[in-house]
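In the two complexes that follow, subunit A is the common piece, with subunit B as its partner first and subunit C second.
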Partner chain A sequence: MFFRTLLAMGTLALASLVQAQEPIRIGAFLSVTGPAAFLGDPEQKTLELYVEKINAAGGVLGRKLQLYSYDSAGDAEKARAYVKRLIEQDKVDVLVGGSTTGETMAAVPLVEAAQVPFISLAGAVVIIEPVKKWVFKTPHTDRMACEKIFDDMRARGATKVALISGAGGFDRSMRAECLKVASAHGVQIVADESYGAGDTDMTAQLTKIKNTPGVQAVLNCGFGQGPAIVTKNYRQLGIQAPFYQSHGVASKQYVKLSGDAAEGVRLPAAALLIAETLPASDKQKKVVVDYKREYESRFKSEVSTFGGHAYDGLMLAVDAIKRAGGTDRAKMRDALESTKGYMGTAGVVNMSAKDHMGLDLSAFRMLEVKKGDWALVQ
Partner chain B sequence: MSRKGFAVLALVVALLPLALTNNYTYEVAIVVGLNAIVCVGLNLLIGYAGQISLGHAGFFGLGAYGSAILAARYGWPPFAALASAVAGVSFIAWVIGKPVLRLKGHYLAMATLGLGIIVAVVLATEDQITGGPDGMAVPPLGVASFVLQGEKLWYWIVGAVLLATVWLALNIIDSPHGRAWRALHGSEVAAGAIGIDPARHKLTAFVLSAASAALAGALTAHYSGFITPAKASFLHSIELVTMVVFGGMASTFGAVVGAAILTTLPQLLTALKEYEMVTLGAVMMLTMIFMPQGLVPTLEKALAAARRKPE
Partner chain C sequence: MSAELVQFLLAGITLGAIYALVALGFAIIYNASHVINFAQGEFVMIGGMAATAFVDSGLPLPLAAAAAVAAATLVGLALEKLAVEPARNASVVTLIIITIGASILLRGLASLVWDKKIHSLPAFTGDKPIAIGGATLLPQTLWVLGATVVAVAALWWFFNRTLTGKAILAVSHNHLAARLMGISVRRVLMVSFGLSAALGALAGILIAPISFTSWDIGVMLGLKGFAAAILGGLGSGPGAIAGGLALGLIEALGAGYLSSAYKDVFAFVIILGALVFLPNGLAGRRAAERV
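Showing the complex of A and B:
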């Protein structure tokens, strides 16, 4: 009874929010708290900020946007419950969310059954491969990061590569993808080491790599604090081979944590990280500089690529709604799939029936740490 | 009391669909049921036998992954996979329980805690079999082409399993086994002195609670079609213990009520946005301060006292 009364009260409260002009309902489920909060928090802020801005500018097709957002805390089961809530109870027109791959994959069967367009903000390749009719995503995949890094290694004449990976979801997935694409990109993996979550010293694994004959470059598939420790140990052991990190640590935090040891480390990252230093001729400059300014002036905290994924997700949805001329789900989906030349924070998006992400390797910029700051590798 | 309570619970399960308006509310009810199955089992160990376990999410995870892996990777019929997973986990609990239950108090808490963490780490690292931290897809439960799917059908499945679990728990509590557990809870030395074998009885409670956790885990995996190692994590273990303590230790219906409240409350509190966690914490703190024995036993006592007064 208690549950029933509260439910009735909740429905009433929602009903009173519905205005005469039917708003466009955007549903989001993000890891705002919990271990993946560093993803969900900037995503949530970005969605709130831009829904507000779009509404202030008159909305989309004369209709206001309404954001329904829930905190799934990185838990796949919670994500499932909230996706059901968004689809069944809030009756959203489009879903943007799923900060982690687990949350996204838990939602996929539901959105496919309910036939709601869904733009995921998580990284792994499994989300769009094989292609799922109603599922799209905005971030680059870890496979693309591997390819970008291997291409750069080869350009520097390194073909024998050592991997050192962490134990998290991101780390494991990227390691697997790198192993898959290595031979196609002309590199050979000669060592494959791993470390545990919360390890504070990786000299043992690095010594093993150092003693492996013929290692010409080393790649660390890692996330969080681990890569900073690996970087420090790498310099302590005096390993000379070029050292690469993943896009997972593309933040100032990593440079701060590793200090001088980070000098010369290369990593692939989105243009957002070097927004101001991009050449004026760069087509992406306006988008990333604008987003960075808006976000930082509003929240007084440094912009992250994850918030950028949410920006892209929302803007792709809005763009698709405009082109579909309304919120008919099938039309929105078709419009999303036919997105061409959309310039986002992640890069140029060209979707097709076979590619529900639409980014290519040019979306990544190869950066090098120079004097404690990022520099674009030409 | 327990017979009346069981009738009330059966009535609630039977009538609840009248209040469930869509698949989302069904989903919440199903998750409540699955959590309640674990809590009723866990309550036998914590509430009656007086032993702590901070690793029950590990058994939940083993049940879920055991059944998922047998069905998805080895092509077993899902029902056989589910039954073998539950049997397998019970056996593991029996083997581990023998040495571990010799420990008492904080040491037992630490041992079970470690057990749960080991399971979570293995599930997250063996990504060849388990899909790693991003989880794995699980085939639905069914025989040949007949597949159990849809929230409404699952509601009745989970409801029936919950009622069966509660009925078994109530019966075993009233049996010599249940009385032996309560004696152990009061004083292990005294219980031993009157001829109760502490090791044997503790082990039964441990295995039964592990089996119910594994069963709920396997059902969760097949119902949701997707499972991640988060369900085997330490945090989930704590959530389960919290549900038992919140609802009331040594009260089977308390475990059900605790699971129901702590599962639905976060869903109801989403309207509060960032204050959700604060409010949830405050509700739990106030309940524990003013009702240290848990919700149901305290309310039962208050009800009994109110009945006595008029005379």
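Showing the complex of A and C:
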């Protein structure tokens, strides 16, 4: 016991010698377990991987990064408690996290009061609208997905659209955004069906859509296994109208679960999904291919856009710290807000005082499932 | 009959058959012990997840399905032996709470043993839809219906023609009298947990090609199965089947003709109605007050 204490003290002393300078403290609260684990798990892995890589390369401004990460398990109340701890006890310089919109919004009042720069990894528009002084986010919003999809539908001559949505938070938020922007993008919603969490058959809803006169395209706002079931039912009923899915199921898993039924389905997604097939002239190719290789070689599992959001969050923070010349909170915030032309896995980021996300529609690529794989729609 | 109605009915029967299988599991354990086993949905999950895991490791589908049913049965027996039996002198409510705890544990274990992804099984006999009167049906649905019929027939035979089955029925009527007749209540409990775990697993395997499986599907399926069991009258086998089918049809017709947003609401409103006006369920015998 005594020996072990001595050893620990020795290690500590050694560490303090090596780290002459204070580390930069990065705080993270992610849904590593629980219902949103598919978001938090790759996010956590990505942060660990890149903090390690940055430190191995000498850190930022000669200072090491230190990651303080807590598992908020998809629970807004836990997220709030951890954010308090990160700010008050761990005294972090910048916060990256909030896998879900609920967790993010729970943290907003705290970070605004404590004045800590905060980069959220969640999707909804409410995070950045209205603009909050200290809050930024990396993923594209569901509204952008709706706009991208409606533009593509119109380009194919479809203006009468049926919606079928799940009951989850993502599903409902996207449905609401799609209803809001539909008329501005020249499409009319002629049917609006929904299904519950854990439902195993959606043929009843789809039959209703099939029998609605004039439907020219169908959009499924959904997440998880629901969309794969909807896709199978869609083919089972032999509905001919073009079928769209949301970016929420932009993963190989969706294609695998739906099998042949997914052929011809279109969805908007980040460039990361088709990293290798992007043309060499694409400016985003390098960053997405690099991230994909790093992640997949380290964790032996397929890269997801969610991990990419965490990569963007960390890199935006690092970039801002470099430009701010240190970890002064107000300077970091100003540097974040003036981010211009940063190329991330989600797209090119141009922030401003009015836009704390900084992505435009070009961040989304329209993909089509062809022979069980993604193909870029030109 | 319009093609639309046929499609809704087919959807309802598919859903209903699955709910019926889960509800039967509830009924068997309730009969033997008066315990509502809230881990019933987890048996469905274990069946599906184990089957996909076995298929992924290279076993042919029939073998994987058999192994998954066996695995779930073992889990059911273990649940009885390790969690329910040590507390056999506790009140029924305590036992029910134990099963809720067990279901949380099983879900957590499943997410560790396997993973948190969604898995699917290949359809047993292809994916080509069959057209019936303008509506379509997947071959897998026929498997679900067929297997449900076979399972129900096998259960009927078991309960009416075998000594063990009759022993379970005897215990369900009167614990004390059954014990005085030399029936081992402990064995009956074991058999009933094993049996309902096997049934749940069967349901999980049958629906995995249609609606997929993941570590957390047990919650909702368990709830729907429980609702079906209540609707049919707790503890009644034919009631569980009727309740399951009724629930599936209500959901499909409600979603089709009224509003899909309130699909689950119709189902639960009907169940509340049944509890208020038909407290013993559709097939319920009037429970005689035990004096």
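Note that the second predicted complex is superposed on the first by the 358 of 378 C-alpha atoms of A that agree within 3 Å, B and C clash if a C-alpha of one lies under 4 Å from a C-alpha of the other, contacts with A are read in each partner's own complex, and residues count from 1 in each chain.
Just so we're on the same page, a residue touches a chain if its C-beta (ideal position, glycine included) is under 8 Å from a C-beta of that chain, and two chains touch if they have at least 3 such contacts.
Note that the coordinates shown come from a computational prediction; the quantities given were computed from them, not determined experimentally.
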Worksheet item: Where does A:Ser173 make contact in the superposed view: on subunit B (first), on subunit C (second), on both, or on neither?
Response: first
Item to complete: Identify the partner contact of A:Ala353: answer first if only subunit B is touched, second if only subunit C is, both if each is, neither if none is.
Response: neither
Worksheet item: A:Gly238 contacts which: subunit B (first), subunit C (second), both, neither?
Response: second
Discussion item. Under the stated touch criterion, which partner chain does A:Ala330 make contact with: subunit B (first), subunit C (second), both, or neither?
Written reply: neither
Worksheet item: Given the touch rule stated above, what does A:Tyr195 touch, subunit B (first), subunit C (second), both, or neither?
Response: second
Worksheet item: What is the contact status of A:Gly259 with respect to subunit B (first) and subunit C (second): first, second, both, or neither?
Response: second
Discussion item. Per the contact definition in the header, classify A:Ala375: touching subunit B only (first), subunit C only (second), both, or neither.
Written reply: neither
Discussion item. Under the contact rule defined above, give the subunit A residues that sit at the interface with subunit B and also at the interface with subunit C.
Written reply: none
Worksheet entry | Touching residues (chain side subunit A, partner subunit C) in the complex | 35, 37-38, 41, 193-201, 203-205, 207-208, 211, 224-225, 228-229, 232, 235-238, 253, 256-257, 259-261
Fill in: Touching residues on subunit C, where the partner in the complex is subunit A
4, 7-8, 10-12, 14-15, 18, 111, 116-118, 120, 127, 129, 135-136, 138, 207, 210-212, 214, 216-217, 219-221, 251-253, 255-256, 260-261, 263-264
Worksheet item: Which bits of subunit B are touching subunit A when the two form their complex?
Response: 19, 21-25, 27-28, 31, 124-125, 127, 132-135, 137, 220, 224-228, 230-231, 264, 267-268, 270-271, 276-277
Worksheet entry | subunit A to subunit B touching residues, read off their complex | 3-4, 6-7, 10, 13, 33, 70-71, 74-77, 80-81, 84-85, 87-89, 100-102, 105-106, 109, 124, 126, 167-169, 172-173, 176
